[in-house]
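Here's the structure, in structure tokens; my notes come after.
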Amino acid sequence: MFNKKSIVVGFAAVLVSGVVIAAPVHNTNITEDEVRQAQEAWGAALIQISQDYSEGGLAKAKATAEAVLNQAYGYGHGPVLFKPTLATGETTFRITQEGALSYFVGDNPDFGDSGFALYGWQEYSFDNAAVYINGDLALTMGHVHLINEAGERTTVDKTWGFKKDDQGDLRIVLHHSSLPYTE
Amino acid sequence: MFNKKSIVVGFAAVLVSGVVIAAPVHNTNITEDEVRQAQEAWGAALIQISQDYSEGGLAKAKATAEAVLNQAYGYGHGPVLFKPTLATGETTFRITQEGALSYFVGDNPDFGDSGFALYGWQEYSFDNAAVYINGDLALTMGHVHLINEAGERTTVDKTWGFKKDDQGDLRIVLHHSSLPYTE
Amino acid sequence: MFNKKSIVVGFAAVLVSGVVIAAPVHNTNITEDEVRQAQEAWGAALIQISQDYSEGGLAKAKATAEAVLNQAYGYGHGPVLFKPTLATGETTFRITQEGALSYFVGDNPDFGDSGFALYGWQEYSFDNAAVYINGDLALTMGHVHLINEAGERTTVDKTWGFKKDDQGDLRIVLHHSSLPYTE
Amino acid sequence: MFNKKSIVVGFAAVLVSGVVIAAPVHNTNITEDEVRQAQEAWGAALIQISQDYSEGGLAKAKATAEAVLNQAYGYGHGPVLFKPTLATGETTFRITQEGALSYFVGDNPDFGDSGFALYGWQEYSFDNAAVYINGDLALTMGHVHLINEAGERTTVDKTWGFKKDDQGDLRIVLHHSSLPYTE
């Protein structure tokens, strides 16, 4: 489901005395392309969970959500700074994977979520206001747009932090989502 | 107004054959203490702007806000990912310093802000839900509490990204603030 | 054989309205202590290989050297910038683990090494001239002293680069060793 | 004398609902191209000092060397891990700019150097064995070849560490150079 990019080990051709020698280059940095792919993948995953819920019920949706969290989030390495759109009160921040799973598919009395990924999402797009790349970490901020089965459009203000791990996969370590301010 | 910490150039004592040699250590990393100091400084700056507005009017508040933005934000190095609490619509994201200044003190028809720092803030506290430190960049997520002259308390969900610059000063490069979700 | 330190996930106590909340802190940075431990471990490993060779012959020494390379070097993630003390000519740089293993224990006609770790090393010490820490990467430069069974002391000029991986283990990604210049 | 590259603030075109929005991208990472340019610049600077010495004597060579150290090395931010090719004994490591300047142009009784950059260098080339890029820091290891006025060729084993500063300029923070091992 997620496009992955390995750590780049490219080859730089060097011309020395008429002989071309290939120097291996190990590069741990995140690229802008990788960030955009990870942003695309997040939306595709959300829609997949919605579709799996529609076709296979909660069990299927939950299995997909778990796979997404395992692959695309950094919970396996430590706490993730996750403030989901509709989370509030004492469960505003979902630092553990359990809290994140509950947010996406509900079914956990400790959090009382209805399951954001079960809302029948069908379309997704995003427009970044700015991107900040610093080593193996990239930050994005912008709007995310979602359209459900009824054709209703929801827009949120969203910040993501992506960390490239040792295998070259991007993982979400920061995710702050909020509804637009209304006066 | 801002507590600053220089790049650490410490000395590690090494015992070799009975002789202690001091090895200089150059360390560009952010520490947890520096992050907390920067978080404290942000609140102190906000209260200072409010106080300057009360005592010296808009001109004084604006001068202070400009100094704060110059010192504590990263606009001098490039775009800052800033989504202020009450910003919305086409001016949701304040990527430039002009937009940030307008948010804090208003007085700019291009943005139409009333000036968030002019609301008579008197007390400030924060509680981090989690902190993520990666090289010279640190991310925090948690609640920020503000109390105004009337004793009214406002709580926001806030994410910050701090980057340590070459002089050892922390600069905000990411700032996403939002009101708690209400059903 | 190697001291390991996990990624630090500490807890910062935050006092808010009289309630102490523990905020998990995820920190991927290398510390000076970890660097010194890795430097200690390198010497201990070299002496271990010498001892295993003395007690168990080449097979045992080679098995230990392989374990050391797997644990303490970064060959599993990509090329390592390794210029061993006595390597020269076309095999000066040992970018692959095969070349590094040959340098330490010989037994590989492609490189023709006599096996530097088989020289009966018994004591090891180092004194850093300077240390440079930048995120999850640390650089050291200084002298390394080795004493063999005959009590003869060898000193080399040595530069190391250590990278902290996702599991919190330090891995050598750079190693330049050279005999002191003699006029 | 040195090619500089600013911090990249590019623009990523984003297509949203038929409208192209340009998202500013702030990227602090070193690129392979920048590393090669810095390697080229080092050689050009060495040859320039030799030429200035030939044409303008020690004063001119020294002024150029100081300018090179100010621009291309990181002494302004802290200690540099510098082991020059011909340095030995108690002055093996040139952690301060004073020691580096002495190495290149001599004229300092505290170090007793003859001035490596005064040897009439006329040609320079390098071939990297491998390159390691990690955030704003890049490491290279390989051979450097120098040819003097008499057409004599000197080859050294060389490791460099380049750090990209806040202005987007690469600075040498690590430099280990050694003559090839001879049996």
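Order of writing sets the chain letters: A, B, C and D. Residues in each chain are counted from 1.
As a working rule, a contact is a pair of C-beta atoms (placed from the backbone, for glycine too) under 8 Å apart; a residue touches a chain by one contact, two chains touch by 3 or more.
For clarity, every value in this text was computed on a predicted model and none was experimentally measured.
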Chain pair with the higher count of C-beta pairs in contact (A-D, C-D): C-D
Turn needed to bring chain A onto chain B - CA fit, degrees, nearest 5: 180
Repeated interface matching A-C, over half of the contact pairs identical, chosen among A-B, B-C or B-D: B-D
Farthest chain relative to chain C (centres taken as mean CA coordinates): B
Distance from chain D to chain C - Cα centre to Cα centre, in angstrom: 26
Centroid spacing, where centroids are CA-atom means, of chain B and chain D in whole angstrom: 36
Gap in Å, rounded to a whole number, between the CA centres of chain D and chain A: 39
Residues of chain C touching at least two other chains: 24, 26, 78-79, 95, 129-130, 132, 134-136, 142, 173
Of all residues in chain C, those that touch chain A in their complex: 7, 9, 24, 26, 77-79, 95, 135, 165-166, 173
Chain D-facing residues of chain C, complex: 78-83, 85-89, 92-93, 95, 129-130, 132, 134-137, 139-143, 157, 159, 161, 163, 173-174, 176, 178-183
Chain A partner contacts - residues on chain D that touch it in the complex: 10, 12, 14, 16-17, 21, 23-30, 32, 36, 125-136, 142-143, 145
